[in-house]
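My questions all concern the structure below.
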Amino acid sequence: MGASREHERAGGREHERAEGDERVPGDERAVDDPRCVSLLTDYGLVDGFVAACHGVLLRLAPAVPIIDVTHLVPRGDIRRGATVLASTVAHLPRGVHVAVVDPGVGTARRALALRTPAGFLVGPDNGLLVPAAEVLGGVLEAVALTVPADVPATFHGRDVFAPAAAALVAGRPLRALGPVVDPESLVTLPRLVARVAPAGPDGAARLESDVLCVDGFGNVALAAPADLLAELGLRPGDRSRLTALRGTGPASGGASAAPAARPATDSAAGPPVVAVEAIAVEVAVGVTFGSVEPGELVLYADSDGHAALATRDGDAARALGLGPGDRVVITPA
Amino acid sequence: MGASREHERAGGREHERAEGDERVPGDERAVDDPRCVSLLTDYGLVDGFVAACHGVLLRLAPAVPIIDVTHLVPRGDIRRGATVLASTVAHLPRGVHVAVVDPGVGTARRALALRTPAGFLVGPDNGLLVPAAEVLGGVLEAVALTVPADVPATFHGRDVFAPAAAALVAGRPLRALGPVVDPESLVTLPRLVARVAPAGPDGAARLESDVLCVDGFGNVALAAPADLLAELGLRPGDRSRLTALRGTGPASGGASAAPAARPATDSAAGPPVVAVEAIAVEVAVGVTFGSVEPGELVLYADSDGHAALATRDGDAARALGLGPGDRVVITPA
Amino acid sequence: MGASREHERAGGREHERAEGDERVPGDERAVDDPRCVSLLTDYGLVDGFVAACHGVLLRLAPAVPIIDVTHLVPRGDIRRGATVLASTVAHLPRGVHVAVVDPGVGTARRALALRTPAGFLVGPDNGLLVPAAEVLGGVLEAVALTVPADVPATFHGRDVFAPAAAALVAGRPLRALGPVVDPESLVTLPRLVARVAPAGPDGAARLESDVLCVDGFGNVALAAPADLLAELGLRPGDRSRLTALRGTGPASGGASAAPAARPATDSAAGPPVVAVEAIAVEVAVGVTFGSVEPGELVLYADSDGHAALATRDGDAARALGLGPGDRVVITPA
């Protein structure tokens, strides 16, 4: 275990700063002012819920652009919402990022606003915001939003989070929105495994990683950052051996009431005892889908910097039966 | 019947006025000028229909924000479109609200523009706009839009309604868009039942209400405003008895060619003869989902002020087999 | 064959110029400057891919409106993406239209930016942009976008196409984005058949047309422009006889690596030998759905100027079993 490394999903990721963040002449805003509001929810698109949030924002902050990240997070799937948000915020202008996947609305869960070095995050205290906060440089300050007694208990996106975002984008100080809370007290999601375990009795090092998420194309992003492939000695053009362990990782939609340190799996101890099923395949290591023939699997660095599995012109998640909650073990072939 | 009360779905609802409606310095627009266009359609999101409407608006009214309410109204489901629109308009900035659920496009149905105390509505004369007009304070003036002879007969959203909205948002007077029509002549949807019937032989008052709609979470909104629960004597913490009568209300997608006064159901006359199926359950009265355990039903006031049924972390519509066209009877347990 | 006519899908369509394209006082942009960016992709709406593209655009071109054409093109269906884009661009403000249906991302396919008389197009060189370019007046100039070596190989929408669009909308010259390429070298989709064949031995002229696409309502647009109906002698109120030949046209999602001239079908040679199934029905010719009774088929000119088939209050594609890849033959009844 001594030599194994663990990585936070997006820990250490450098904050990206685009040209567009430079001020244009006549722009009186400070460099640190937010310049957009983004929205991510599990509200779906069949009702008027998203529009009501837009309406509140447009009334309270008329000139601020709104970016819809997605509103099709599966109902209550905090892990997926957190992952999509963390993958996306680095590409958005500095802003106030509102996320609402909130099965606990109407319970005692806190409503949060967080300040990071690269923008604000607003949403429920259930782990949803934390990975994005890490991408944006970490939580500098956190407050528990004061919820007026007279708002309905079931639509905090419209009645609590959107107004808070409008206040922040208008320059209201974070501390005006509610009492300061300790960033260490924030609820976090169970940590995902992503590490290179040292050579075992068989002499081969291996990469163990939980599945982070599956995108709409069926590409499987792993929790492991792509540089762990190089650490394992894998280069484009190599072949790898992949073992899929199904049903071993934290459940997809699971909200955790407190930071849960998953026991690390010891590489010398054999496969995790919770594995319910395993398949093994050989997979080409490539730069992109184009590195392999149609229908073939490829292991590559995806556009977010994660190790990922894709099938060219196909659906790798379906081919491998992999999804959130599963784990893979990768070795050089 | 003498003591029973009937409520229009959103009748009497006070018009909300947000801070954001106040003018900012240098804003030369009148307080009553519209400041956004909203769009609600059944066009779906797979074609370019919505974008074509946006394009027309952006060409004719370049600086005006556009809010998409939803474009996933089930094809031709005027009731659902009307309900989502009425639930949403109060939260949008003062604007021109365009709605197109229009199975009659290309027939003799009129194209309308309506002025209310709190904005304009534009769309077909099939009942779609009326509940939203009531939320916005009622129809002050109505015109039948003049449809140019040379526009295609099948895409009035792009060719008739969007240009009319652009004209209104640019300050063109309503009467310039077509001949005035009598607001009393507008087509309306069949009225939904929502009333407290007085105590019958068994001594118990009861609430009878049609289902208004089911949202994407499976929450069942009733046509009854939430204050009828209090009128029935139900308070959070109480238990209620709910009988679901399926297949008794006006059909979901039904367009009515003329105002159809549904015969009121007499509370002393037993269940309506059209009931095809009934189930009865006990339901907790709560403030929100958080008032009950996961998997439990709760009867509560939703964020639009309607009485509503939800299952915590579940789908109440599926659990109860309820949807538009169904009716419930609620009594204290 | 001498008298038969073939039409490009949108060839000859006049470029539409709306009132809104006129300059307003104080607007210093040139008449030819793009004033919006549109986006069409097969990215879907469940991930943050679309938002990342919006974010890049908003950072690099903060004041430019963005119109989402659709993001629900079926994965890799270049034909459908090209058709929706071509149907929509004429209704958008002059702009930079970005389209990404790009199964070849990460291969050697070129990334393109095209200048037309009525705006720019940006996307992969796989046939996706060409029909829209024709609608906008043809390709005046084409460049192969220079792809920086350090961008991930799998997300050109975010990393190559959106930045190129931002550069163009900001006034950067097309030639600054990469080496000029010959417009004749662009990959095109297999050409669709749409022609009136002269009278055969039976004395009747007939219209042969591939299916162009099916919209979300189940209306079937034909590749044939509507004026071919008049050429065939069909007027609203007439009856026509329609034979549906299934499985005869170019496959829906097929990307072609080079212009493929389909062998024209000779009207005297009987049905195409590749026909796998045929049904024949009588269809009313009408102006719109309203020309027929609910449930009836109608042949009409759709809002894009194509001959089209619809079922009033129904789904013509399902009723006829027709979709892309199929062909119809129409004669006066």
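Structure notes:
First chain written, first letter: the chains are A, B and C, and each begins at residue 1.
Assume a residue touches a chain if its C-beta (ideal position, glycine included) is under 8 Å from a C-beta of that chain, and two chains touch if they have at least 3 such contacts.
All of these numbers come straight from a predicted model, not from anything done at the bench.
Contact topology of the protein chains: fully connected, every pair of chains touching. Different-residue interface: subunit A and subunit C share under half of the residue numbers found at their contact.
Superposition angle, subunit A onto subunit B, using Cα atoms only: 120 degrees, a multiple of 5 between 0 and 180.
Computed centre separation for the pair subunit A/subunit C is 36 angstrom, with centres defined by C-alpha atoms.
The set of subunit B residues touching two or more other chains comprises 45.
Of all the residues in subunit B, the ones that touch subunit A in their complex are 18-21, 24, 35-36, 38, 40, 45, 65, 67-73, 84-85, 87-88, 91-93, 215-217, 287-291, 300-303, 310, 313. On subunit B, the positions that touch subunit C within their shared complex are 43-52, 54-56, 58-62, 75-76, 103-108, 152-155, 158-159, 166.
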